[in-house]
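Each structure below appears as structure tokens.
Here come two complexes built around subunit A, the first alongside subunit B, the second alongside subunit C.
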Partner chain A sequence: MTLQHRARNKRNGGKYALVAPATLMILCIALFPLLYAIVVSFQNIDARTPVGAFVGFKNYFDALRDARFWNALGNTALIVAVCVTAELVLGFILAQTLVSHLPGKRFITPLLILPVVIAPLIVGYTWRMLWDTQYGPINQVLGWITGRPVEIVWLANPVKVWPAIFITEVWQWTPFMFLVLLAGLAAINPEYREAAEIDGASSWQVLRFVTLPLVWPVMAVAILFRALDAFKVFDIVFALTNGGPGTMTETVSLYAYSVGFRNFRISYMAALTLILIAIVSVAITVLWRRMSANQERRA
Partner chain B sequence: MNAMKRRFAIAIFGAITIVAAACAVPPAAPPPAAEATRPADPVGKIEGQAEQVAAAAVMTAMPPKPGGSAARAIELAKKYAGVTLNVTWEAGLQSQDPLLFSAPEFERLTGVKINVIETPFTELFSKAVADHQAGGGAYDVLNFAPTWLADLADGGVLEPLDAYIEQHMDKNDLSDLHPTYAKYQQWKGKTYGLWDDGDVFVMYYRRDWFEDAKNKGDFKAKYNRELAPPKTWQEWDEVCSFFTERGKANNEYGCAIQRTAGNTYLWFYEQFRSNGGRFFDADMKAAINSDIGVKTLTDMVNANKHMPPGIEKWGFVEVLQAWMDGKLGMIITWPPIGRWSEGYGLESKQLEWVPKTNVAGKVGYAVSPGGHSELAVGFMLGVSSNSKNKEAAYAFIQWLTSPEVSGQRVKIPFALRDPYRMSHFNDPEYAKLWPNASEYLKVLQEGAATGLADLGIPGAREYEEALDRAITAAYAGTDPKAALDKAAEEWNAITERIGVESQKAAYADWQKRLGANAYP
Partner chain C sequence: MTTSAVQSLSPTAARKRRQRKARAYAWRYALIAAALIFFSFPAFWIATIAFKSSSEYFRNPPVWIPANPNIVQNLDKVIRTGGLTAIGNSLIVTVSATAIALVVGTLAAYSLARFNTGGNNFAFWILSQRFLPPVSVVFPVFLLFRALRWVDTFHGLIVLYATFSLPFVVWMMRSYIREVPIEVEESAQVDGASRLRTIISITLPLASPGLIATGIFTFIFNWNEFLFALVLSRTNVITYPVKLTSYFGPESAFWGEAATVSLIATLPVVIATLLMQRYLATGLTLGAVK
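== the complex of A and B ==
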């Protein structure tokens, strides 16, 4: 072995030593529990059976036949689709507005970020009061506008409950999208836009053919992060409706919580969440491929 | 392209890792140190009227009756002076009893320290089970709802208490328990808990509204009978709608019952059985979707029309606020509201969140329409099978539930423990706490005697939650029959999962033990 080789090995050894703690931590907090969850999902552990017996794929078959699980999955998908889209659009509009030198920008930007730093559970309980039928400010404001008492039961009506959830969720998480997109837009060299404008491009054309392609890599990551986060939505729905009325707004996380930590069907919960991981992984793969393909086409 | 593949692979691995960490792994129950634990505050911190009551309780606690359960528990616990017992208790107001009175007093008498672990109500069950399944020992004394007893006993979470009772309790104290509550303490022939809270629904009504001459005349003209506290659910609806029509313009309503998800099944349990309903048929198939069940739920949905707008989201606090404000004619709820209605203890710091009463001296009490009140929830105390200090833990719960100490605790305004011993119902001191306190005690005792026990078989929580979801769905417009059919399906699935034969036996045992308190 040459001296060069030894020096390289030494350098590599140093690299491994540096990443070892992080790798070990990831293995401990993610991989081991994941493997353990897989083992548990093939057993029948519940409140009455602390030491579970092997039951094969029973929990998986039960989960696939569980109408409540599919209902929760549908509700979750609806929240992801509506809220992430709304947050993206609103966040982009805000970012686009504030990326230029707007008067009061230094004051407005921190204000816009405030919702994202509040704990989602607090946001949920606060908005629950806002949506209250009798004493909630939202009905009061609607009453002032319409000129007659408004007694909309927002959180116990199967139709009206959805706008309440969407608005609350969008209110909290639009600032995240705004912040990421603001950074993306600020990083675009203004000369690109100026060149397009000199060539006679309209504002729409600049946006469509210059700004969006350039900000897309950042936007794609923001969408991915928010979609993953929205898929786990728990706190806000828990505080607003607790999945009700009935199971009309129950999300997958709420259902898993109910199965696992209220009814203590640990093995069944493990099976549910592993199915969920499989579904999310497929969805993310497809999403990422499409986004990557778009980026390559644009490049 | 390779770089793209690499990025893609990293992204997928990252996504799986994030989701796995977030979703797949049941997070371990936090250790007790991470809970909202607080050291026991000295009794001296109690302020106002509560201070006087608690101080009086401490004074009269000494000396306990020689040879009585309290005295024997103190002697037993002295052997463990210096030991700390971890005790779960419902977070918030409920915990003020052990924090401000019971724990400091027990420590003073025995040298045993009590670490009160405040826990949200629904987690009292899950944390106890999680601790046991993890090999535990985090808790010594467990606070739990009586309907969980079967699951906790079958799961091995609770320690049987018969040997301790035999050795250390004054047996006369068992006969001092109200006969209804005494029925609950056993499961499969063994005692797993000591009763600690006589929860029962009470119908509170505005006597002044019922005695108002104009109201009486108008009601008689409309319904051709006297205006009186309702004895049937139909009468309840009529009286409620009468008062609502009369007062709605002033934001006054005839009645309100909390309808938000979580506890609304309790009012169904009550009304359903008063109407003659049964939970299961002879084959252990759910019968909640019977004609009686559908009628009950339909009536409940219709009754909402006479209650305040948005009642579907009203919980305990919303009902309390409107009632204390004087805006409601009738409510059906737990006993503390009766005491607070008269202003008892509202001067204390612990109850400063309770709205000021506008109804003191105007409230009457009755058992629920149908003649049977739900013995809704309640509390028992047990010893964790994983405790390292079982005898000391038992000594603590025997002392807490002894006639002398429990008699003091049910009079502490913020303790939220309601009378459950004959000595509580017949306590002359209690009867003097406000002008019609004796009437209140009489109704609580009648409620206990004729009350209906919550369904207490394995899987009770799951049955309750399935029914609760069906009821809230019906409030939101789902056809009551369809909602109950779905709940019945879920009930049957729960029964099959736990075991039809074992559930049949448990249900038979529950009916036999509770007798007329299971079905009237």
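== the complex of A and C ==
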């Protein structure tokens, strides 16, 4: 901060008072639970022994040997990888299609972003109906296309349940990517593209060397936020399959929820979720570093 | 002679260009049509279920357009099962929490934007709260609330939702406030306005598009929140997502009631989003880029 700047803000005595309420709320309501969870994860509190003794890292070691936890972790990673990628590609194609002038654009955009405002839980239940083997319209439409009755068991089949989950998740969140990328693409000065075209660049080259580098900062943040939220996926899977068939589609959040609130193994749940937080923090930090580095290299 | 050559050439060139343009439009419209069908069909389907009778949503092949619109009976069942009360609860919780988060968050954002209070680390500390999966903090929150006797109360959920909205509000509002030229504030202060007075009557009106966009998103996030409400409500303060799950038992599913509640709960959000759509796109990128 320059001296001049400092002089300008002479009357800044209130600056701590302004952040105090927010800081206090975060400390009491958000940070306390996290610290409490850390303490609890080193004890052995569960439904049978409500008073916990210190057990060190036992819960963490148990978690690392827990096949169901690894399964849930794999499922979560699969959902993050497949869905965020698909959402990015689809969202970008749609944003590219709609960024330049097009008659009717004003009415198309709000319809395309509709899924974002619908609660994930409602989305889960709605798609559960759509995928239904007998009463769902998806099998019916497939029947019209193939010309004979289709009775695919989507949600109870260990293989077919995955496309069902992916498509549902992609349906809900592609509009988010689309909206962010549309605003990002709209902010690019068209003169850059025109200059490249005059120099004889193909449309692929314009996309690769002009559009993508310019939209990258916005795109990176969109990927970050989507990945961060996809790691926590709970509502959609809860409503769609509740982790089934069996534990085939269980995510870490679902597993932790059932450990804590169905079996009341409180300490174990705390350890599971703390491992998840550690993984998310590391993954997001690495991802973010790499994406920021990319940005600097391209710039 | 040259002029006649140009004249004879140009209609062909113009026609070619027109054709190319038309083809490009056709491609774009085809793609958009496919996207529109994909992205609006499920919403259409849940709306039709709300109008169907129980014999119609369990029929094979599925009924696309209900023969006798049954929304009145479904609505009646929703009211009798407390669905409307749940939506009312959600409204109280969401509106209050969003209002508190906007006030508290904007004040903090102002301090961060103008004085860089606590530097980048403090801003990141606030953001890092968003890293926490709700499932990892919901049990300690439950214990805390039980000790305070806040379980199943309005103020409990309101404080909780307001707190968890803060990172988003602070980060968005910080970038919007930075856009407001500092000179405008200074001239107000020269005229003798206090800091708070300046914020309320100078800065906020100038940052109001950002405030609206932030408010809408905060409202949507809180309105749709499920896991905290699932664990922290019992009988008094059931929000509508928790109510939804009660329509799905292990053996039966009351799709008519669930769809009607979904429809009623989604409509206000959709309408608000349509009215505010021009703020939404700018809101998202500003928060992202800055």
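Going forward, the second predicted complex is superposed on the first by the 286 of 299 C-alpha atoms of A that agree within 3 Å, B and C clash if a C-alpha of one lies under 4 Å from a C-alpha of the other, contacts with A are read in each partner's own complex, and residues count from 1 in each chain.
Throughout what follows, a contact is a pair of C-beta atoms (placed from the backbone, for glycine too) under 8 Å apart; a residue touches a chain by one contact, two chains touch by 3 or more.
Quantities reported herein were computed from a predicted structural model and do not represent experimental measurements.
Put subunit B and subunit C next to each other and count what each touches on subunit A; the higher total goes to C.
Contact with subunit B, but none with subunit C, is seen for A:M248 once the two complexes are overlaid on the shared chain.
In the superposition on chain A, contact of A:L155 is made with subunit B only, not with subunit C.
In the superposed pair of complexes, A:I93 makes contact with subunit C only, with no contact to subunit B.
Of the two partner chains, neither subunit B nor subunit C is touched by A:P163. Once the two complexes are overlaid on the shared chain, A:G260 sits against subunit B and subunit C alike. Once chain A of one complex is fitted onto chain A of the other, the partner contacts of A:P190 are absent, as it touches neither subunit B nor subunit C. Touch criterion not met for A:G74: it reaches neither subunit B nor subunit C.
In the overlay built on the shared chain, the residue A:I277 is in contact with subunit B and with subunit C.
Touch criterion met: A:V180 reaches subunit C, while subunit B stays clear of it. In the superposition on the C-alpha atoms of chain A, the part of subunit A touched by subunit B in one complex and by subunit C in the other spans residues 26, 29-31, 33-34, 36-37, 134, 228, 231-232, 253, 256, 260-261, 266, 269-270, 273-274, 276-277, 280-281, 284.
Contact residues on subunit B toward subunit A in their complex (touch as defined above): 4, 7-8, 11-12, 15-26, 122-123, 125-126, 129-130, 132-133, 151, 154-156, 261-262, 308-310, 312-313, 458, 461-462, 465, 469-470, 472-473, 475-478, 483, 498. The residues of subunit C lying in touch with subunit A in their complex are 25, 28, 31-32, 35-36, 38-40, 42-43, 45-46, 49, 57-62, 64, 104-105, 107-108, 110-112, 114-118, 122, 126, 129-141, 143-144, 159-160, 162-164, 166, 170, 182, 186, 189, 195-196, 220, 223-224, 226-227, 231, 241, 244-245, 248, 255, 258-259, 262, 265-266, 269-270, 273-274, 277, 280-282, 284-285, 288-289.
Interface residues of subunit A, counted against subunit C in their complex, comprise 1, 8-9, 11-12, 14-16, 18-19, 21-23, 25-26, 28-34, 36-37, 40, 93-94, 97-98, 102, 108-123, 125-127, 129-130, 134-137, 140, 143, 171, 174-175, 179-180, 182-184, 186-187, 217-218, 221-222, 228, 231-232, 234-235, 238-239, 252-253, 256-257, 260-261, 266, 269-270, 273-274, 276-277, 280-281, 284.
Those residues of subunit A that touch subunit B in the complex are listed here as 26, 29-31, 33-34, 36-37, 45, 47-50, 132-134, 151, 153, 155-158, 224, 228, 231-232, 241-248, 253, 256, 258, 260-264, 266, 269-270, 273-274, 276-277, 280-281, 284-285, 288-289, 292, 296.
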